[in-house]
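In the two assemblies presented below, subunit A is common to both, partnered first by subunit B and then by subunit C.
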Partner chain A sequence: MSWHGWAGRVLRVDLATGRISTEELSYQKARDFIGCRGLNVAYLYDEVGPEVGPFDQGNKLIFGAGPLEGTPIGMGRVSVLTKHPNRFLGEGGAGGHWSAELKFAGYDLLIVENKAERPVWLLIVDDKVELREASHLWGRDTKEKHAIIREETGIAGIHVASVGMAGENLVANAKVQFTLDHSGGKGCGTIMGDKKLAAVAVKGSGMVTVAHGDRFLAAYRNFHKTFDLNTTRDAFVPSWSFNSANMLLELFNENGWVHAHNAQMGLFEPMLNDVEYMDKYVVRPESSFCCPLPACGRRFEIKEGLFAGTAGDEREVGFAQAAPIVGIQSYPHVIKFRDMCNRAGLDEDQAMYSIAWAMECYERGIINRSDTDGMELRFGDADAFLTMVDKIIRREGFGDILALGVAEAAKRIGKGSERFALSIKGKELERMPQRNGYQMALGLAVSEGGPDHTRWYPPYPPNPKTIPADMDLPFDPFKAFKTRSPDDKGRLVRWLYDSRAIVESLPSCVYMIRAMLGIDFRPWLELFNSCTGEDGDLDDFIQKGTRIVNLERAYIVREGFRRADDTIPRRMLEEPVKEHNIPPIGDNLEIMKDDYYQVRGWDKETAIPKEETLRGLGLINVVEDFKRRGIWESTEEGGHA
Partner chain B sequence: MSALIKIAVVSADLCSGCRSCETWCSFVLAKGKGFRPEESRIHIETDPQGVLNIPHINCLEECQLKHEGDPICVEMCPTGCLIYTDDEDLESKRALWEQARQDQPLFRLIVPWKYPYPWRPLKRDEL
Partner chain C sequence: MHSPQPAPIHVFVKYVGRIAVMTGRVRESIPLDEPANADHLLDVMEQRYPGFRPVFDPPGGVFNLTTAIICRRGGQPSFSIVDPQEPLKDGDVLTFW
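For the complex of A and B:
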């Protein structure tokens, strides 16, 4: 058939045999699941069942571009998917240019199968695809890997996805690192390291075709208006562009959103204000493929003093959120931390929350110097923090325990330390407040991929008064956007999940969900239809998102996850944010979960999608699969949390 | 001074490397059939460590790909790094930007004439 938007081809690489093949993309899958995140899970569901363990030969690693990737809507977004070491969906998106190059090379999906015996790397230049020996890359950091590959191929514009030492050493939740400090896919780096795939380098020169060029251009110009600083009605457009994450820290402090000292406190004094920060560290804009925000990404450099010469990309991780969790007041240390994580492919959340957990345990006397290789481990000790980060990457001493992830580390240490391990489904938390944003608590709890705020982004709802009265919404914004109340959160979170699944499957960047672009999906539909030549209506479009989320849920249900796994850390359920007089969530979480499963058409007791729900979405293969496996009759209660 | 109007770069320091210019130029060249940056008349060269992006412009004559007003590469440039003007104006814009970024660090990231500062103030209840 003739494809627009989609390239129409899937590239498969078998690392065990070295066999490389291409096949036609299934149109039915593309129509039902769009692309990128959605298509990835459609393929993973069919090809990696519960009998395959995460570290088995049979686990696969899928890199997905989508139909709008390669157009300016795609923004270089890639979704990487595998069966996470904890058996849920190890999924993550990243920006940059890699995914756009994969599309220009002519592929929608790259599926990596089996394991190599010795390290290899994959080169994709249009139709020329080859596996190369990678002993010279193994053990190098991700930036070195990129530089070596660029030198070796002589291709200046080549983009590289690679694992760093964290992935090579099988540190839990290691991420895949893309060119220019973009990273994603917590756990995907671990599986990539296990498969001994050092890197995937891509350069494409083909065309991503558009069905109706004039309509697409008009739809893009309309979309683009939201990001014009002169006219925008969304406060986060200038914020993302200039005010830096430091501004976010001010907002977080004001609202008690900070997770200071392992979320024991809701306040953390920032060291620099925005203008000082900009003046001292930011040198120029740095952007993903066709991002319309002027400077959402910024290059920073430490020009003098401690860690001088360290440079990279700055976003929220460093300033607003990493520093408070472990209590660091030194910006150079935070910038260095970010750089270490990017070079090693180490998940920042794992590093922060596992070290913060260790600091809390140390201060409470649960662990002592005999556990920590003789180190004092107290909140605010920036040097000790970086030393421990390095130990995690190298799996040395106490770092080898933290490398297992905070939940597993707490199990090993015991002595009540589990209480201070902030994780969901065994994966470290993200820096997302919960006790004062109930939609966030529910969103984190019910995620099929462990804590991941991009699945329901943005966490701060718009003012209901700014929503046009004639907008037909599946929730009541005046109730749903009241953040410290369980009212109408089921319908709200369902909408957020389904609509964001669409954006991540087109794909586009969830940061584009600004102003009405998170509420009104007609602009997205017109971009999709004009690009691909499809002609579905809005209901059909939204249903694709619902279908994707249901398939993701079906995947983790098949792996044994149940209602009990959809929870949040005890600290959020039982402890208040004292500085802001914010009470713990308590029973409200279970009330919201009842509500959510009901509006989803999932069984309330088990969180398993009902047969009629799956049938209504056309997921007949899942119905048959569930029947064959006796999933609806099983009495499994989960217990992965 | 030549009065010839052309696409020009204010400063490589303002280029974010987003490749919007490449991508949209190729779209207009292909008469809206699709995106193929390889064929574009403008290319962004980025060094592997991301230290600098250098736009290379290969338009031989006045841009024939204008929609209304600016050529599409200039229209879609998010920072204002690309402009469509004559040499004299280019020099004065460069001087203006040099001064602006000394005065206000956020003009390291954008040009002041594209996004005059301060922007429309946003009220708290618009959040």
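For the complex of A and C:
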């Protein structure tokens, strides 16, 4: 068939046998699940069942582009997916250019199967695909890997996805690191390391064909207008255009959103200053493929003093929020932290929350020097923080415990330390508010991929008063955006999840759906239809997002996750943010979950999608699978939280 | 009889991102005559930093549509100022972004 948008091909690589093959993309799957995040889970559901353990040969690693990837809308977004070491969906998006190159090479998906006996790396240049020996790359950091591959291939514009030492050493939530220090896929780096796949380098010379060029161009121009600083309707756009998410430091602080000292405090002063970062350390923008916000990705460099010579790339919220969590007030230290994570493919959330947990345990006397390799581990000790980051990467001493992830580390230490481990489904928290943002608390709790704000971000419209009357939204924005009320959060979070699933499957970047594009999906429908030649209406389009989320839920249900696993750390449920007089969430989370499951058509007791819900979405294979496995008769109660 | 002089209050302001570039500083304390509101504060800001007011309150436009002012007061949950007549109190911490 003739494909528009989609390349129409899937590339499979079997690391055990070295077999490389291509197959036609399933049109039915492409229509039902769009691409990228959606297509990834469609293939993973069919190919990696609950009988396959995360570290078994049968686990797979999938890199997905989507139909709009390779156009200016795609922004280089890739979704990486695997069965996470904790058995939920280890999924994450990353920007850069890698995914656009995969499309230019002629593939929508790359599916990596089985394990290599010795380290290998994969080269993709259009139809030339080969596995190469990688002993010279193994043990190198990600930047070194990228540089060696560029030199070895002689292809200057080649883009590389690789694992660092965190992945090679099977640190629990290691990520895949892409060129320009984009990273994604918590736990995907771990599985990639387990498969001894050091890197995937890709360069394509083809192009993406668009079904209706004039319509697509017009839709793209409309999209771009929303970033016009003079006419935008979103307060974030001007600030984000100038200084990316570093501006959030002070906003988080003033709203009681920071997790200072392992979220014992909601205010941290003096907070690191975003303008100081811009003045002293930012060298130049480093944007993703066709990204219209130049400030979002930036090159940093420490030119003098402590850690002089440290240089790399960063984007979005990231690294600077480590400062309040572990209580440090030094930009050179947090920049060095970012660089260490980039080079090692270490998940910064794992590092900062597990070390913050250890610091709290140390200060409470639960652990002492005999546990921490003789180190004093207190909040505010920036050098101790970096030393422990290095120990996690190398799995040395106490770092070997923290490398398991904070939830598992707390189980090992015991003595009540579990109470201070901030994790969801066994994965460290993200730096997102909960007690002063109930929609975000619910969004984090019900995620099928562990804490992942991109599944519901941004969690608000630009301004409820500016929403056109003809929008007919499935929630009341004036109720739903009251931050400390459970009212209408179920309908809101369902809408956020379904709509963001679409954006991440087209794909585009959820940080780009500012202004009305975060709430009005008619422009996205036009981009999708004009690119692919499809002709579905808005209801059909939104249903694709609903279908993706339900399949993701079905996946983790099949792995044994239940309602009890959809929760947030006890600290958020039981302790107030004293500095802002914000009460704990308490029973409101369960109230919101009831609401959410009901509007989803999921059983309230179990959080399992009902048969009629799955049938209504055309997920007949899931219905049959659930019946065969007795999922609806199961009395399993979860227990992965 | 003289009428009593208005008592001055002090608010603490923070500037984030591009706003800090306009002001050339990231935080400062500002005295205001009581009773004070957000509109009075914008008057002071406009005197100090010409061009400041229209960023937050564009002529003929909507107040704080593409900007925000967060107010933290007395250890209570913060709130966004959506009305220029919002009264200000001594010790308020206002973040402009």
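Things worth noting here:
FYI, the second predicted complex is superposed on the first by the 623 of 641 C-alpha atoms of A that agree within 3 Å, B and C clash if a C-alpha of one lies under 4 Å from a C-alpha of the other, contacts with A are read in each partner's own complex, and residues count from 1 in each chain.
Basically, contacts are C-beta pairs under 8 Å (C-beta built on N, C-alpha and C of every residue); 3 or more make two chains touch, one makes a residue touch a chain.
These figures come from a predicted structure and were not determined experimentally.
By the document's definition of touching, of the two partners only subunit C reaches A:581; subunit B does not. Of the two partner chains, neither subunit B nor subunit C is touched by A:423. Contact with subunit C, but none with subunit B, is seen for A:254 once the two complexes are overlaid on the shared chain.
In the superposed model, B is the one of subunit B and subunit C that contacts more residues of subunit A. Within the superposed three-chain model, A:436 lies in touch with subunit C and out of touch with subunit B [touch as defined at top]. Touch criterion met: A:235 reaches subunit B and subunit C at once.
Touch criterion met: A:97 reaches subunit B, while subunit C stays clear of it. Of the two partner chains placed around the shared chain by superposition, subunit B is the only one that A:284 touches, whereas subunit C remains out of contact.
Shared-chain residue A:297: touches subunit B; no touch with subunit C. Legend: residue contacts after superposition of the two complexes on their common chain; A:275 is shown touching both subunit B and subunit C. Comparing the two interfaces of subunit A, the one with subunit B and the one with subunit C have residues 232-235, 238, 242, 275, 462-463, 466 in common.
Within the complex formed with subunit C, the subunit A residues making contact are 232-235, 237-239, 242-243, 246-247, 250-251, 254-256, 273-276, 436, 462-463, 466, 484, 579-582. The touching residues of subunit A, when paired with subunit B in their complex, are 70-72, 97, 104, 143, 146-147, 150, 156-157, 179-181, 204-210, 213-214, 216-217, 224, 227, 229-235, 238, 241-242, 275, 278-279, 282-295, 297-299, 311-313, 460, 462-463, 465-466. Against subunit A, in their complex, subunit B makes its touches with residues 13-20, 23-24, 26-27, 30-39, 45-46, 48-51, 76, 78-80, 105-106, 108-110, 115-116, 119-120, 122, 125-127. Of all residues in subunit C, only 14, 16-18, 20-21, 26, 62, 64-68, 70, 72, 75-78, 93, 95, 97 touch subunit A in the complex they form.
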